[in-house]
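Read from first to last, the chains carry the letters A, B and C; within each, the first residue is number 1.
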Amino acid sequence: MDFAAIVVIQVLYAIASLALISLGLAIIFGMMRVINFAHGEFLMLGGYAVLLPVEAGVNLWLAMLVIAPVTVGLFGIVVERIIIRPLYGRIVETVLATWGLSLLMIGLASEIIGYYQAGAAPPLGTVQIGFYREGAYTFFVIGITAVIFVAVYLFLRRTRFGLIALGTMQNADMAAALGVNVNRVYAATFGLGAALSGLAGAIMAPIAGVVPIIGITYIAKAFITVIGGGTVFLAGTAAASVLFGTITQVVTFLSTSFGEVALLVVAVVLLHLLPEGITGRFLRRGL
Amino acid sequence: MSEPILRTVDLHRRFGGVAAVDGVNFAVEEGELRCIIGPNGAGKSTFFKMLCGLIHPSAGRILFRGEDIAGDERHRIARRGIAIKTQVPSVFDGLAVRENIRLSAARVQAAGVVDSAVTDVLARIGMVEHAHRLVGQLAHGQRQWVEIGMLLAAEPALVLLDEPTAGMTKDEVVRTAALIREMNTRHAVIVVEHDMQFIRMIARTVTVFHQGRILVEDSMDAILKNAQVRDVYLGKRSDAHA
Amino acid sequence: MRGKALGLWAAAIGALALAFGLPLFVETFFLVELTVYVVMAILALSLALVWGSAGILNFGQSAFFGLGGYAYTIAVMNMGDSTVPILIGIAVPAVFAVVTGYFLFYGRVSDIYLGTITLCVSLIFFNLINSSGAEYRIGIAPLGGNNGIPGVPPLNVPGNPERPLDFDEMYMLSMVVLVLVYLGLHWLLATRFGRVAVAIRENELRAELLGYDARLVKLAMFTIGAGIAGLSGVLFAAWGSFIGPTMFSIFFTAQIIIWIMVGGLGTLAGAVAGAVLIQWLTTWLGETKIADTNIVLGAIFVVFVLLVPRGIQPTIARWLAR
């Protein structure tokens, strides 16, 4: 019975962590049709933005929930201006340029911070479940992911900025005609996506640690989840995370080392069956 | 009576709950020139795209010389001898005019005569002196003519033209009309158009679409005098059925 | 047109002169270094064909390279003579390309989704080999896991395993292969098939409306590119006596793309130039340690996409035409 509970928790964690690391990419892809190939490095940056201040004595929660998203968000705004905006509308060039940015960021992180493993133990201790112990932080990750998704949904649907951003995404010319500063909306949207990526990287840092190349382990999973989810980005990311997260965790239980491979194989099959992603066929009316 | 070159039998196309094409029985004879007109939303574009194989019908048949082509792959339809000009010009912008035409001719001509066939077509569309220019750098009307040239080079049995004069100047429209009349001497042609001036230059039999069905099919003169057609274009309520 | 053909033959003859003449004047050590540039140039040509000419966005070309290297290695370790393994090294990636290509092109997967899937496939191989334990074997060949397979036997004179090719000969062979591939691709692109492939890249819909089956043409180009990449993988493994999973890594696949972007997307000579240039730069950075390789490559990548999107060769060509 308690083993079943552990399994459920692990699956929920796999779903939540996948959704969390994909959200920033999903927002940028869903709202701007931009594929940010440096997304993994935004996550890495978020990780360093929490671990380095903590090493310097800053409170963990402050660094994780404030410093990391703000830092990466501001960085995102700069990137949008210099790299994304000149290439707007050209999907392939954007992927290539952000891929270059990704290499650049990895190189800079290696040079400046070096390969020394920054780490922090997951806070909040452990919880006893029957015969097993589970880190309480696992529950935190699951919970905060849910909170973040709800918050983003409400933000986009209920606030003025959110509606302006959604409108601009649907029809930029119309928005401009109505007096919206489209460029500023794009910068803010990209910044929001970046901030969420930074937050995600920070939240994952106590568990996954941070090294300059950690982005590589995230990018494939996030990329697949977003594209597998389809154009309705919140519902799609959630749905794809449920599907991929569950399968990855199940395969990991059965064979330890082939969970990643299973994810990739399932993704290839999914995209073959549903070339527009999950929300190309289902959940089309969502956000 | 010989088999029509193209015939649709009870053709339907639904999008969700909306019937864009609602039971169309349509026929064009070999060597005929047919114009399809109708107000916006009448279903003529959807109907046309089904003929081209760009959309698959929800129900019904499309018979080309007696064979059902509904659901065929695009390149198969082309190989049967149907040449298509899309609404937005679909050409190879990065290649020269000559190469554009050549790609079409190469599929139907023997290797040795391809070049002369291409020169022939260039003369027919009046683009000989532009043969080596990149199509992307041509004026809009010229790009349309290159596309028409590609159709001619394929020596099709049937040519489908979707708004061939969209965006053209008056002079270009006149020249295109002449081109189509000349085209019709060798191939059957179906034209979907909005521009009534242009239609008048080329039309023989005209099919009028309305609300997914054929409203009326008659000669150009009769159509112009038809009160129902006028009402439909001016938006007055019409309780006529096809 | 005739000037172009002349230039082509001049380049080919020049390269062959370099191939057979250089060893007379230069230390073997230098030739060994040169050989890897030549091998990478062949790999660059394979992506130049698939992406530049046929317009197929393949983010996983390194997978075919790696497959070729591994297939050759496993085959030659089991068979002894290198002649058939070379063919296996070409055939395995080609067969794999046909299978994946069928799902991609007949499933009408396009553009960025194609890039995603091809990247994923490449990463699947990387993860698979990296996570597999060192105990897996095929015949007597150990798969090596994340350590790779050392001691890859060199190429030998066909039919005579006791007579391996020495470094000078490997260099000459690689140069000859490069020239043949280069000329071969120019010829291929001049045939009707090649011109149709380019047309499909320009406007797939129009090509199909003209009666060409775009799916089949793309599948063929994809497969040819895979075979060439496999061949370069064979040469690489035989040259360095080593093959490892880094050949499937995202870093390596990025490098191949950078070669093409720098040299000029859509050109063949540019691809060769880009590969040689960037390879040389990477080696130089590795030796002098002036700056981290990723910083330089990343910066080049970004700058070229933003400012010099056509790459070096077309930019120079246009400059000269003024």
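Everything that follows uses one rule, which is that a residue touches a chain if its C-beta (ideal position, glycine included) is under 8 Å from a C-beta of that chain, and two chains touch if they have at least 3 such contacts.
Since this is a predicted model, take the numbers as computed values, not measurements.
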item: Chain whose average C-alpha position is farthest from subunit A's own; value: B
item: Per-chain Cα centre nearest the global Cα centre, belonging to chain; value: C
item: Computed distance of Cα centres, subunit C from subunit B, in Å; value: 44
item: Cα-centroid distance, subunit A relative to subunit C, in whole angstrom; value: 33
item: Between subunit A and subunit B, centroid-to-centroid distance (C-alpha), Å; value: 48
item: Junction residues of subunit B - those touching two or more other chains; value: none
item: Sequence positions of subunit C contacting 2 or more other chains; value: none
item: Complex contact set, residues of subunit B against subunit C; value: 52, 73-75, 78-79, 83-84, 86, 90-95, 99, 102-104, 106-107, 150, 154
item: Touch list for subunit C against partner subunit A, complex; value: 57, 103, 107-109, 111-113, 115-117, 119-121, 123-124, 127-128, 131-132, 250-251, 254, 257-258, 261, 291-306, 309
item: In the complex, subunit C residues that touch subunit B; value: 192, 195-196, 198-199, 202-203, 205-214
item: Contact set on subunit A toward subunit C in their complex; value: 35, 83, 86-87, 91-93, 95-97, 99-108, 110-111, 216, 219-220, 223-224, 227, 257-258, 260-261, 264-265, 267-268, 271-272, 275
